[in-house]
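Quick heads-up: structures coming right below.
Both of the next two complexes hold subunit A, though its partner changes from subunit B to subunit C.
Right, the complex of A and B next:
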């Protein structure tokens, strides 16, 4: 294998795969990137066996071939190279030589035949997708995804369609975020799939690219996103997502409407003094006002009052402020609707004037 | 300099029985458990003269002393008496650490203006315990807990020994290492293989070799050889915020079968979980400690996404640790602990399964609290090889108060 490539192009494709390569040392080859030169292109691929990513860039190929080499080291080297052009070649025993200007690196690689195979993709099942809508769905739910490895069935997003709508749901067992959009429908061909967090976050990074068309397809085993030469394939999670519809309260008739920015700023302040790791804050909903308070036995206490629209009977309820803040920060609208029932029942947060985005938080015992 | 008193009740269970039943006084008796296969828990001094020892089965005991009277132990009596003893000790110092059901450490530093010299104070304590409860004890007085414990062991029954700072080196020089608290027969044998028989030799032995040979306990061993112990007397309720909740167990025999080790891990996880739940604590880190048959001790930790006190989560973390290890030899001791402790927050669960789980654990805990530990437990613990010892006898490490923190050194 032998090729010459522009440094910026090389950096771009190598950067994209850094999030995927395996950090734990379970299978050494997963820390590597597969490089393949043919037909005037450099094709690269990386995987952790759950997320597969491949990319490609034009290159001046003088000899076809392939090899795998440590992805992180290669990226670090290329970033620091002194010239705009990089020469890459392999010798026997899968040793990779990287040359630029007067710098020369020789890195041990592993044979490409040992690298996992990229899952086959049926291009006919990919459909164009509105990247802004998809981005919004991810951003408004991703913070609620559980990171507790023992609860694998909620370590990702539930994606399902109902009639003409597509819905994304995420939960960590204490809160749940739920968003619906009208389009995207054709891309999802299977009911109720579970997308793992890591794979979706890789797709989310790709969605930040401005131009071009994004294609999405969700099939039996995987979710695939394609944009130009970049393809991400994510293996779906197995397991059953909890019956989230059951926990969406229907009789939360105590409604308050607050200015998002005011509530957010106030919560951030008051939660500074809530004790240790869990940011418990007491919410006292009174006529036309909300009193937020927190206390920590070792440090002190904080209290702040703000105006809001509320005309039901008084209610005192405690929430983890972090859960509230996460949602408010993701919200685009200026006003937030809060629907409550009693101090031990879940509260609902929604933007004012829309039911497409719903966030449910379980309170804390006072 | 500190002054620490260690109080050790003499033949506690047997003495309490003799106190309650005058017909048993002056006679050789042995307290046994209620279980079918039971062993001697405590023998009275009269029985000890015949060679009756703790741990003997009934047949062996009877053979040693044909006139021996067996008494089935009554835990409530012992617990009640233990609490009374602690209350007497608290009249002399606020710093009383209940170490086990029949042992306590008392810090009496600076008490001389109230009660006179340490030995005088100790005599007053012995007087009151004899007068109010009719029991005798051995008391050791020394500059630290290690030496106080040693002193109380030096004269039994009804002893009072004071070790002064200036006498420590002379005393320890010829003392066999096995006399020190915390150095058992196996460790003694291992030290002997290094040519270390006495505390003096232990004190002079290179720390680096001890560390290499015994892991983290090596350094502590070197200090013990010099009679140094800085551990404080910790009264109940002043343990501070518990930094960890843990339990460890020395196995009856060294075990290399993973299945059996895992059952012990499950049992320990349940003990840790139940205790943490009782005190409303949760931990984010789970530590598994293992000791090989050669005493090499090591710990591995796993951090969880959310703090827990659920036996299942603790077990699953601890067992995933052992799954990732290649064991070099049979295991002698297993320990499970949770750390990075936080108070239960009262955060409610959104889904039914979380709520149900919480209720289930609560119900189990309440039943076990009323009827006895492990009344309801995981079926696999009941499997052969890891049976919960149902001797019917209270554990000697039982303490009447406080979050028990068993630290594995």
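Right, the complex of A and C next:
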């Protein structure tokens, strides 16, 4: 294998895969990136067996071939190279030589035949998606995804379709975020699939990086996102997502409407003095005002009052402030609706004037 | 057909293939049996068969799936084995431990949907699961995610936590048939049939141990060891011998040799000379059986085993002290 490539292009394709390669204990080759030169292009691929990513860049190829080398080291080397052009070649025993200007690196590689293969992609199942909508859906739910490895069925997002709507749901057992959008075309199948957090976050990065039309496809085993020459394939999670519809309360008839910015700022202040681990803050809903208070036996207490629209009977309820803040920060609207039932039932947060985005949060006993 | 490449174990493999054919595979297996007889190989071939494109009850060994499995990069197959920690890296080492990080690797594979076929996990040297790792594994072992199978492989099932054992279906692997093993050894090493037989018997009919036995000339080493032990007459000699032993790299093997010898003596003392393993090796006519009763020999046998366990990971007892205590007891 032998090719010559511009340093900026080389950096760009190598940078994208850095998030994927992982120091895993079971398979040393996964720390490597697969490079393949043919037809005037350099194709690269990396995987941790959960997310697969491949990319490609034009290059001046003088000899076809393929090899794998340590992705992190190669990236570090290329970043620091002195000139704008990089020469890469392989010799016997998969040794890779990187040359630029007067600098010369020789790195031990591994044979490309031992590298996992990129899952086959059926192009006919890819459909264009609206990237802004998809971004919004990810951003408004990703913080609620569970990080508890033992509950793998909620370590990701539920993506499903109902009639003309696409829905994304995430939960960690204490809160649940749910968002619906009118059809992003039909890339999503009717039966829901579970997308793992890590893969979705890689897709999210790609959405930020590029403009224009993205292709998305979901099959029984994986979800695929494609943009120009960049392809991300994510293995789906096993298991059943909890029946979230049962969790959404129907009879939360006490409604309050608050200014998002005001509520967010004062919550952040008051939660400073809530006890360390669980950021419990007491919410006292009174006529036209809300009193937030927190206390920590070792440090002290805080109290703050703010105005809001509320005309039902008084209610006193405690929530984890972190969970509240996460949602308020993701919200674009200026006003937030809070629906409650009683101090021991979950609360519902929604933007004012829309039911597409729903956030359920379990109360605490303080 | 790779199941066919496995020496012996017709019975065990037949059981697994029947389960495979009738769709009645258990979700967790414990493959137990002496070291070096093909348990891991059987587990691996079962994993390959489950993912093979031929979709039969055996792996073809030639399709893309089988080849990827052979190079260790199959997305559906994950294998863990004991490791030692070298700074932050985990380096495979049979005398190391299976750590909780490795169990997390397994869990992170199992939570994804199978890439065709079935997900298979092989835990080799399962007796070396650290207690924390074993406990982290329990829930998964009891009820693995859909479409997956877990195979624990061990040569010391008694060292596993009972909570692990009770969650698995056990398949007991018997030692290899002596004749077949001798043929294989002669073929592989070019040893004479006589040497092959000794190696087979000395290693409890284990292929890999017998290969090692022949390769390292262990027969001679063992004889020397026994001779030394027998020649000890006073305490200072015993202590010196213990010190030498404690400095040996192959101290665990030396203890195995000693165990074999005590086992034979105990058996001979009960009059069952036809069951001797080392009949041709040490010359039992030299009076080594006199002076001790069978119970005493059996007790010594267990002392050796206890010492072996103490100095092996994860307990890492002081080798010198452990060996001194043992040798003094043995020559007493």
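Going forward, the second predicted complex is superposed on the first by the 362 of 366 C-alpha atoms of A that agree within 3 Å, B and C clash if a C-alpha of one lies under 4 Å from a C-alpha of the other, contacts with A are read in each partner's own complex, and residues count from 1 in each chain.
Please note the rule applied: a residue touches a chain if its C-beta (ideal position, glycine included) is under 8 Å from a C-beta of that chain, and two chains touch if they have at least 3 such contacts.
Here the structure is a predicted model, which is why all the values come from computation and not from measurement.
When both complexes are superposed on subunit A, subunit B and subunit C occupy overlapping space and clash.
Using the contact criterion defined above for the overlaid structures, shared-chain residue A:14 touches neither subunit B nor subunit C, since it reaches no partner.
In the superposed model, A:144 lies in contact with neither subunit B nor subunit C.
Once the two complexes are overlaid on the shared chain, A:331 sits clear of subunit B and of subunit C alike. Residue contacts after overlaying the shared chain place A:174 against subunit B, while subunit C stays out of touching range. In the superposition on chain A, no contact is made by A:200 with either subunit B or subunit C. In the superposition on chain A, A:166 makes contact with neither subunit B nor subunit C. After overlaying the two complexes on the shared chain, residue contacts for A:78 are found with neither subunit B nor subunit C.
Put simply, of the subunit B stretches 291-299, 345-353, 363-371 or 399-407, the part that bumps into subunit C is 291-299.
Common to the subunit B-facing and subunit C-facing surfaces of subunit A are residues 149-150.
Residues of subunit C that touch subunit A in their complex: 64, 68, 71-75, 78-80, 83, 90, 101-102, 104-105, 107-116, 139, 145-148.
The part of subunit A that touches subunit B in the complex is made up of residues 146-150, 171, 173-176, 242-243, 246-247, 275-278, 280, 318, 320, 344, 346, 360, 362-366.
Residue ranges of subunit A in contact with subunit C, taken from their complex: 24-27, 29, 49-50, 113-117, 119, 149-150, 152, 155, 196, 220-222, 235-239. For subunit B in complex with subunit A, the touching residues are 304-307, 313, 316, 342-343, 345-354.
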